[in-house]
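Paired with chain B in one complex and with chain C in the other, chain A is shared by the two complexes that follow.
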Partner chain A sequence: MSNQKNRKLSQRQFFFLIIQTQIGVGILSLPYDLHIAAKQDGWLSLIIGAFIIQFVLIVLWLLGKKYPEWDLFQMIEFLTGKWLGKVLSLSYAVYFTFVGALVLVLFGRMISGWILPNTPIWVITFLMTSVSLYLVCSGIKVVARFFTMLSALLLFLLFLLVFSLNELKLMYLFPVATSSWKELAAGVNSGMLAFLGFILILVIAPKVKGAAVDTLKTIFIAHWFVAIFYLIIVLISFTFFSTEELPLVSSPILYMLKSFEFTVVSRVDLFFLSVWIVSVTTTFTIYIYMSGVGLMRVFHSQNKKVFLIVTAAAAFFISFWPIGSQKTIDAFTSHIMTASYGMAIFLPFILYGLSLFRKKNAAGSER
Partner chain B sequence: MMMKRLLLAVICLVVLTGCWDTRHFKNVKLVLTIGFDAADDEKIKSTVSIPTIRRGADGPGEETVSVLSEIGYTPRSAREKIDLRISNAFDPSKLEVLLLGEELAKKDIYPVLDVFYRNPKNNLNAKLAVIEGEVEEAIGMQPNIDTRPSKYISGLLDAVKDATHTTGDNLQLICAELFEPGVDFVLPLLKVDKEMSTLKFNGLALFHDKVYTGDKITPEQTTLLMLMMGYKGKVARFTTQVLEDEEEQIMNYISFNVMNLDRNLNINVKDGEVEAVINLKLNIRVVEYPKKHLDKATEVTKLDDKLSEELTKEAKDIISRLQEANSDVFSIGRRIQAYHYKEWKKMDWNEEFSQITITPKVEVNIQQQGVIN
Partner chain C sequence: MSFFKFFSKHHSNDSSEDQKEIKQLAAGSTAKNEPQHPTSIKLSENIKYLLKNLNHSSDVKVRVLKDGQSALIYLESLVDQEKIQRTIFAPIEDNDTNSILGLPSGKKTTNLEETIPALLSGQVVYLENGTTTAIQFNATAHYSRSPDEPTNEKVLRGSHEGFVENLTVNVNLLRKRIEHRDLTFKYFKIGKKMNTNVAIAYMDGLADPKIIKMLEKRIKAITSEAIMSPGYIEEFIEDNPGSPFPQMLNTERPDKAVGNVMDGRILLLAEGSPTVLILPATFFMFYQSPDDYNMRWYTGTFVRLIRLASFLIAIGLPAFYIAIVSFHFEVLPDDLVMPVKSSINEIAYPPILEALVMVVIIELIREAGIRLPSPVGQTIGIVGGLVIGDAVVRAGLISNVMVIVIALTAIASFVVPSNEMSTTLRLLTFPIILAAGTLGFVGIVFALLFIFIHLTRLESFGVPYFAPIAPLQLKDLKDTFVRLPLFMMKTRPKDARPLQKGAMGESREWKKSEQSKKS
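Let's turn to the complex of A and B:
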């Protein structure tokens, strides 16, 4: 990290890093998850969730602003002391690896179910792992540039959805707000989970150039970009499928695209999936990166590549464990989601609380 | 650097050695039409048409179509049996038409369709139709007009859709209508005409929930029903009797095309009483009117009024049929659920629909009359 100064990321790259991390494996099932929880009011839950996350983001930003030179792991070590800090940092690294494994599991399952039923899943996940590993080994600057380029594909995803506009029936969104508070809250839960990945802000912030205010602006714009992207997808799914039908369709967008046919492309869903794979790759790449950085800090090492390979391999092998049946995948998912509340929301709040009691310290005084 | 190269080599090895999921065209038999009939003991008879291309030494291959039927407990088990009879694997991923026998459609049709929704390889764009009589006859028929039955049937279904006789629903689009309470649907009815060796569009089968009610809308009325539902294909043509006193029968009729339409459906719920009004405004172009005195504005207005009256009368007839069959094709029920949720919770829509008042108001405007008056 000696040449960190001239390797800083621009605000634009920061923006694309955030959205590419957040938009990932979840977009296919998000409308379904919301609908299961809150029926046709799922989109309300999503908006409520987005506002809550917005609040969390402010706290993360305040924390990052206090220690502009440090990433998450350095902050942890400074704020909680050496040993507890190491334990917490390590658990973050493990958490990121597990999220990476979850991404692999959901990805492998989806590809296996929709396109390649005869290919062993490990081949699919192995390809994903190796591509991401290759990408992440080139350094965060390259990753950021690559993500910026790939973001054009998100527009392509939206473009594919245009064809559905004829078949949408707004009627299916009504009656509004008939779900109970409990259902709405469950929907908020599913909605918030779609935004996870924002913790990236704390890991990457010290590498971003520009004033803290600019960073906040970028974070907000990125957050609402993702929120609106999700909202479009959810509204399209909710109005294309009827209220009673959606609970049967676990990846509504794909299912919807499958029923359209054009002269040249007869299976639009496969098109969509190919683009979606890219979104999954970006998410997985970032989780490997964060986990690798975490391990590096824990072991005070400079050899990033070794740790990246270790985490990628770990995620790959962990993914074998739940991939067998839907039941184990669901259990795995729900455990990681619970952990996410602790790691991405609760702990940062604690850290911020601690930072209020710590005397404002000149950055890097420890080293 | 070394590591990157190694990684690249490994990736190439994995990617280039081949694919587990290749499906060669030579190894599958594409099934383009599939149909289901009810068989004895609640079994299902599945009939498929499979085109085979025989390669000649030179010139284009000759195409033959074989039709196979088997009986099984479920569509899939019947398919396994058919698989045992053909040289390659049975592949419905390019399915064009799915036909349901009348008897089968009178029971819940979802169990028959489930296999198509469940497998991602299947084509959800396949068109559906109900056959009056046996599907086996329809698929087995050798049409003189087109070479293969599937092309013929799908062409026929496209044509009736373009002529505003059906909604053109495919497998995916009816799925919502199957499950949603307060939303029903219609499917085209086809009948085998043995003498002419053709199929004939014979109206629309009215469904309630997931079941064919057995009632239908006749082909003469389907266009008006479609317009009342807000659908218009490429052309919507009517021939209506507007006069009675002319000596020659041909003089009594007028034919016109609908140029555009404006439909709205108003629903009022008061004290549990549902009132629905369907306003339909049609702008038309007269294409045939042998009596040819459309030069005066008053004549045109008179004709407008007469046509409006006739079509409104017919619309009322259609609605009484729908209510008799308890088939809520306008999705009035779902609308009440959406916009009058409190009232909806109090009613039992299955009972209610036939009791409500639906008033159609058709307003016709002659806008063009061809190049002569």
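Let's turn to the complex of A and C:
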């Protein structure tokens, strides 16, 4: 009994799991994406996006609160019936695998373009896959411990950005709120996608100890931590580069850091990128984990390791497909982003709607 | 009145049973299913049996007394002649009793098989013609060196005692330090042929009984015939034998052992070895030294931080240097580019090869230095360190920056107070150097990720190895990166799973009362 209790995650670990999942590949290109969509008002879009996600999070929490013993896949099977449930769960698993592959693609592309141009990309993505697999096979408890430890690195990232404070020009943010609604909405779109990964809370909630209210609190704090982290990065990029310059730099933070020179080291961007690798690893690990759990539920198996290996391998091989050129990568990205709306926002809403009608059976015979 | 009578009567009836119980308690849990061989009434047959079972070994001594009517049998090599004189012959000469059979210090038995282990542990067996009783006397000789300070764990201030090869002396050293009834020892005999005495020690009511049970189970599961030292036991009972990291802390210092027992950890001692294992161990325990607690706490903290920095230097510095010179030269600021570049320009080999060669050379010098007597060892140090180091640079085989880097790395790896951890660090340098040589910073990051993931998932007796960092226990950081003043360490570290959390209450209340008096 006490053993069972010990195996559960604490609220603090839950918090770090969420933020490490959300902060990942996106941070390098987020300012650029926002700027392309909404010009200097991109940061407004980000805030609007954060509020919308906040609303989505409440729905996810309500859904999770109804079935505190179940994860996402068990809920799906209960709410939509056996066969439709299996199809949906499987599509979730496939979706997570594809997101994992996308993470690998973007990561491989960035490393290859920025530091290791002569190394074959598959070597880099293979290393990432194997590290994540090693981590995720140790169980979610170890993953949570590891993420908690790594979070100190986020402070290091922020610390590197401190040096830019002298060079920022708030003028670049003006004029405020002149973009059209359409542009702002496009910005909200890019902004919301940076928060993807919050679906994790449905997969992992049954493993977290504490009352539902505490969970909600943790989710909120984690969400706003990430939002503010993004906002800092976006604002620094927007005020360091002018509105004309930004469309030319696809990863503004790196270019900014590259321009600094200290007496001890130059090229701080390389250190930033090294720490960023860790952030990407955490994101990728969680997607493998979610996909593995999904497959495990679909096949009613207890052998998690096999499914984890399968999904990691699948993500690795899928990543070969679009990695060739920027064009295919962009297409791959936009398809997955579209799918994300359905999987991370639309479907949970429907599930919640269904759950309102299936209230009475919630006690659940299956476990 | 009648009640009283009844009570006393009851008591007297019970006395024989009581004696039996006392005997049982004294014998402990041993001697249940031992082989039996009744003592013969004939002396010659008994002697024959014993000699046969001891393979007529040359050090078995049979001393015939009373014109062949009785005999003393013992292993010459194990007993103290003085003690035989004192326990057996002196009382007879003093006319306290006229027969050895009547001596109170002897332990009677009728099972001849029982006397064999007794003989092997250094006892003297007395047999007499015409009786089936054999008597065992304790006359074991103790040869033990004095508890000197261990040479591999020296401290500046504090106790200079060290464990010795004798288990009894070691137990005595611990008992002397903790005068409390809770300090508990449990003895085991392991190694089917060697029958090594092994003891575990813990504070009852403080150490987690689950861990004790786990440890006992694992010790009893050992089926090896020969167990020489705790190093052997370690490999049989540790959680993950595939890990490069030591999962039990070795020490030869009683003060270190006692400190850990008071945290709720368990000691494992073995006959014949001065090394004591402390478990469950965590990574950061290997970076603590009794010296830390004898310094001002600022100094203690500073030294701790230096040691932990040495961990990063030992595993990371050569890799970092190689990554920079072979992949990311642009990381160096402008003023440094020329000196570094000019030093490595003339070298024929790539930096990764240079590094590997130098690391191996350092290991050679170290290994050569250990086995040699200390004056020769110093010579090796000078020849190896100075001559090779200097010549290799002049010959243009290795760059001088590389020599600096590798020398620094070697020194950093020796800063760790524990030799096991130090060797582990030096071993881990190799994969990281290889990773850095093939993929630069990216390689280093992945190699470090592997190592830290491993540290996070590693457990020592079910206790997370990398606590209190992962899982994070903020309270326990007080004795990890820093060393707070002792009166502030009010709780025991959680990673030892102690049953009582508090280690002390308020200890400096007098300060407040003094201040209020002043004002």
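Just so we're on the same page, the second predicted complex is superposed on the first by the 357 of 367 C-alpha atoms of A that agree within 3 Å, B and C clash if a C-alpha of one lies under 4 Å from a C-alpha of the other, contacts with A are read in each partner's own complex, and residues count from 1 in each chain.
We adopt the following convention: contacts are C-beta pairs under 8 Å (C-beta built on N, C-alpha and C of every residue); 3 or more make two chains touch, one makes a residue touch a chain.
Note that the coordinates shown come from a computational prediction; the quantities given were computed from them, not determined experimentally.
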Practice prompt. Figure out whether A:Leu248 sits in contact with chain B (first) or chain C (second), or with both, or with neither.
Written response: first
Worksheet item: Where does A:Met171 make contact in the superposed view: on chain B (first), on chain C (second), on both, or on neither?
Response: first
Item to complete: Once the structures are superposed on A, label A:Ile111 by its partner contacts, choosing first (chain B), second (chain C), both or neither.
Response: second
Practice prompt. For A:Glu261, decide between first (touching chain B), second (touching chain C), both and neither.
Written response: both
Worksheet item: Is A:Val278 touching the first partner chain B, the second partner chain C, both, or neither of them?
Response: second
Worksheet item: What is the contact status of A:Arg145 with respect to chain B (first) and chain C (second): first, second, both, or neither?
Response: second
Item to complete: Name the contact category of A:Phe126: first (chain B only), second (chain C only), both, or neither.
Response: first
Discussion item. Quick check on the superposed pair: does A:Arg12 touch chain B, chain C, both, or neither? Answer first, second, both or neither.
Written reply: second
Worksheet entry | Residues on chain A lying within both footprints (that of chain B and that of chain C) | 115-116, 119, 123, 127, 131, 134, 261, 266
Response to the item:
So, in the complex, the side of chain A touching chain C is made of residues 12-13, 111, 115-116, 119, 123-124, 127-128, 131, 134-135, 138-139, 142, 145-146, 148-149, 261-267, 270-271, 273-274, 277-278, 281
Worksheet item: Inside the complex, what are the residues of chain C that reach chain A?
Response: 327-328, 330-334, 439-442, 444-446, 449-450, 452-453, 456-457, 464, 466, 469-472
Worksheet entry | Of all residues in chain A, those that touch chain B in their complex | 113-120, 123, 126-127, 130-131, 133-134, 137, 167, 171-175, 178, 240-245, 248, 255-256, 258-261, 266, 269, 305
Worksheet item: For chain B, which residues count as touching chain A in their complex?
Response: 3-4, 7, 10-11, 14-15, 19-21, 117, 120, 123-125, 170-173, 175-181, 183, 331, 334-335, 337-339, 341
